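In structure tokens below, several structures.
Note that chain A is present in both complexes that follow, paired respectively with chain B and with chain C.
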Partner chain A sequence: MQIIAKNLSFTYGKQTKAVSVKALNNVNLTIEEGDFFGIIGHTGSGKSTFVQHLNGLIRVNGKEGELRVGEFDLADKKCDLKTLRSKVGMVFQYPEYQLFAETVFEDVAFGLKSFNKDISQSEIELRVAEAITTVGLNYQRIKDKSPFELSGGQKRRVAIAGVIVSRPEVLVLDEPAAGLDPVGKREFLNLLKRLHSSFVKTIIIVSHDMNIISEYCNKVAVFNRGEIALVGTPQEVFADQNKIKELGLEFPLTARLKLALKNKGVEVGGDLTVEGFVTALSKLKEEGKL
Partner chain B sequence: MREVTFGQYFPSNSFVHKMNASIKILIVIAYIVAVFSVKQFHFLGFGICLAFVITVTAVAKVPFLKVLKSLKAIIFFIVFSAVLQLFFNKSGTPLWEGGFITDEGLKSAIFVSVKVSLVVLGASILTLTTSPIELADGIEVLLYPLKIVRFPVHEFALIMSIALRFIPTLMEETDRIIKAQKARGADFDSGNLFKRAKALIPVLIPLLVSSFRSADELADAMDARCYAGSKNRTKFKKSVITWRDLIGLIITAGLVVAVVYCNGFYIFPAVFL
Partner chain C sequence: MALLELKNVCFSYDKQSPVIKDVSFEVQKGEYVAVIGHNGSGKSTIARLINALLKPESGSITVDGFSACDKKSVFEIRKRVGVVFQNPDNQMVASIVEDDVAFGPENLGVPRDEIAKRIDFALDAVGMQDFRKSAPERLSGGQKQRIAIAGVLALAPKIIILDESTAMLDPAGRKDVLRVVKKLNKEQGVTVIAITHYMEEVISADRVIVINDGTIETIGTPKEIFAKAKRLKEIGLELPTASYLANKLIEKGFRLPADVLSDEDLEEALCKL
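Moving on, here comes the complex of A and B:
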């Protein structure tokens, strides 16, 4: 599903004019199907507000722009939110805090049951098993456990399983790696990569971690004060050094290395992934320029 | 939910804001007693109380609309009690031939509504001009006498201020969990009452879990800073009484006297009406 936002604006607390905050201001953005899309920007830049529009948690006011997600017109009051939400999965920060059911099975099945009132029990079992296996957990061993007795990493996986169980085509994740240790983080991101090559076609990830963005995303949008300041591939975005500094953002490690090398007179090409950087560097060595 | 003013501090630097919280609580209690002691149908007494509220609001530099908004929270209660008075007060003469609404009923419906509204207006000025922490400190000071009967005053005040402190946090958390469950297809707005109540389970359980977590974290944080209850604990903000509080008390005394005077020196029976 292609996502197109046109002149999208949003103001919090519109009724109480005194405390209203303009969170989005004329946002124009297109996210293609198949993108691994990164959204960055410092706190309060409007990125969370934007992604919450994508599954109708925040509604588009008809006069404040357009938003289309696939065939869904979000500005339309009669938009079928339930179907939309089954197609656009959303994982919030610390998703493990949303677990509530008595067993892991019940919790993962929750979304499935609420999207699909007359789904058969055998279908539910099939889909839940699929989702739990996809997030890298042992279905038989974990399905009857209480979600509250799992470890932090397992809880988060179960929570993600509860979102992907409805086989969303678009998966939106708000700061998904927060609070995970380095190993957990890497495993988690590999899980996202795996998902991206399955039924999830588009992944949108909001993060403060520039290394994640440069390593995994093919496109990045930078939000600043409710507007889009930069958009493009990680390479393009982080190439504009002054702008990035001005926006108060960090550089990914690879970009910093490239910059440092450039200052020493070594120009390294390639993209900003670790692999791309290493390939470019070894190529330089082969050419005898190092 | 966030539109309700009741219990929302409106920061400013006014005379009323600078007053001692304990004194303000006492004044509000005196004011409420004054409102309740207004004799049946002596609307002049209400006029005096209203004048008092308006004056205090003006001095406190709080927008009148903010104060009025506090009524929103209890509008149902006001309407409900007014309707009860309208339909079930059988004394007096019917307003029209064979009607079931009497003039007494109408009068007492208005009387009750005004009475309740005035009480809430007064109380909301207190919460608008006094931060929750000051309020808890103020109550603590007022409860000191209970120490004689070994009542844990300090702990009680601490419980209150923690509860107040966590209201916004819990609201935020609720908002977040509702959104997360909505994203998973939860439906809070359709179905009958039973279904809707059941739909809240996925919100209430994570909320309960997270409040226990917050409580644990807070306890650890307090422990880490060697909190050990009231023993030998000094106050950062001492409760001091200034000329402002004296002026406030004098004006309030004037209010009470004026109301009692309006009642024809008749105070107590009406308190229980």
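Moving on, here comes the complex of A and C:
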């Protein structure tokens, strides 16, 4: 599903002019099917407001632009939100706080049941088992446990299982790695990578962690005061040194090192992943250009 | 005598599965100590034990000469140890910043004039004097965390424990909070115990305590700790990104110092190649 926003604007508290805040202002953005898309920008830049539009949690006011997610026209009041939401999975910050059921099984099955009223019990079991296995947990061992006796990393996996059980084509995650220990973080991001090569076609992450963005995303959009300030591949976006600084953003470590070397007259090619940087630098060394 | 001393401390939440197993360490006055360990390793439990929110099953904890195991000294302990938790929204109690900061000393029965002085001092220390009359819910995450720190400072503590206090903040907010804490440590001599998952926050600590499954894995300077990359990974931890990248380059035959920790270190080393 391709996602296209055209001149999308949104104002909080529109009826009360004194306190209204313009959170999005003429946003034009296309996210292609297959993208691992990063959304960055400092706090209050409109990132969350934008992603909450994607599954209709915030509705488009027809006069304030267009938003299409695949075949769904979000500006249309009659848009089938239920079907849309089964196709666009949303994972909020600290999703483990949303676990509520008595068992892991019930928690994961909840969304599936509410999206498909006439789904059979055997189908539910099949899908829940699949989802729990996909996130790297042992179905038999964990299904009857209370979600509250699990560790932080396990809880987050269960929360994701509850979203992917509906087999969404698009998965949106807000700060997916916050609060996890370093290894938990890496495993979790690798899980996203794995999902991205299965039924989940598009992944959109909102993050402040530039090292995650440069390591995992093929495209990035930078939000600033409700507008899109920059969009492109991580290399393109972080090459605009002055703009990034002006926006008060940090550089991924690889981009920072590239800039430092560039100032010394050494151009390092390749992308901004650690692997890409190491390979490019090794090549320069072999060629005697360092 | 050490300001804080834990001796053979054991603790469990359910009297069956121990969470803290025979933990001993000391913290000297004025130190900046980082505590790291994977999720569920027992880091936060240790913070709660030091603050006498939890009571050890065996062993002893002494803060500035007071025993955390003695019910009568609980207030003395809490005057000396302030904890800043992860989510700033969970520890805001008043609707105006200065009232929030005053809450702690009011409860300890500090005289009114003295409270006013402490609010002044605390808000100055965290750079939030301009927000004295603001409503906490109108502040950003980083600002709220600085108010939470001010609330702790108003108790004039000897030890501040940051229990993943920057985890929910954006990079700007995190920098803000760390700058304030470092300043308090350097200028006021406040002892800091920082529990964190961000390896970058560990680099500048005097000492690092590594916790694994409720026991102390090792204690050392950041350089000593991060020299054991393989073992760290085994217990769910990693190197700071700069060390990780430096190691990859060293594997490829680059001549870089083996103890690169910060982004600045690596930048400097690479530019010297």
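As a convention for this text, the second predicted complex is superposed on the first by the 290 of 290 C-alpha atoms of A that agree within 3 Å, B and C clash if a C-alpha of one lies under 4 Å from a C-alpha of the other, contacts with A are read in each partner's own complex, and residues count from 1 in each chain.
Operating definition for what follows: contacts are C-beta pairs under 8 Å (C-beta built on N, C-alpha and C of every residue); 3 or more make two chains touch, one makes a residue touch a chain.
A quick note: this is a predicted structure, and the numbers were derived from the prediction, not measured.
Touched residues of chain A were counted for both chain B and chain C, and C has more of them. Within the superposed three-chain model, A:95 lies in touch with chain B and out of touch with chain C [touch as defined at top]. In the superposition on chain A, A:182 makes contact with chain C only, not with chain B. Judged by the touch definition given at the top, the superposed model places A:134 against neither chain B nor chain C.
Legend: residue contacts after superposition of the two complexes on their common chain; A:43 is shown touching chain C, with no touch to chain B. By the touch rule above, chain B contacts chain A in their complex via residues 2-3, 173, 176-177, 179-187, 201-203, 205-206, 209-210. Touching chain A in their complex are the following residues of chain C: 37-40, 86, 140-141, 164, 167-168, 170-173, 197, 199, 233, 236-238, 241-242, 244-245, 248-249, 252-254, 263, 266-267, 270-271, 273. Of all residues in chain A, those touching chain B in their complex are 13, 15-16, 52, 55, 57, 82, 85-86, 89-90, 92, 95, 97-101, 110-111, 114-115, 148, 162-163, 166. Residues of chain A that touch chain C in their complex: 42-44, 93, 151-153, 178-186, 208, 211, 248, 250, 253-254, 256-257, 260-261, 264, 274, 277-278, 281-282, 285, 290.
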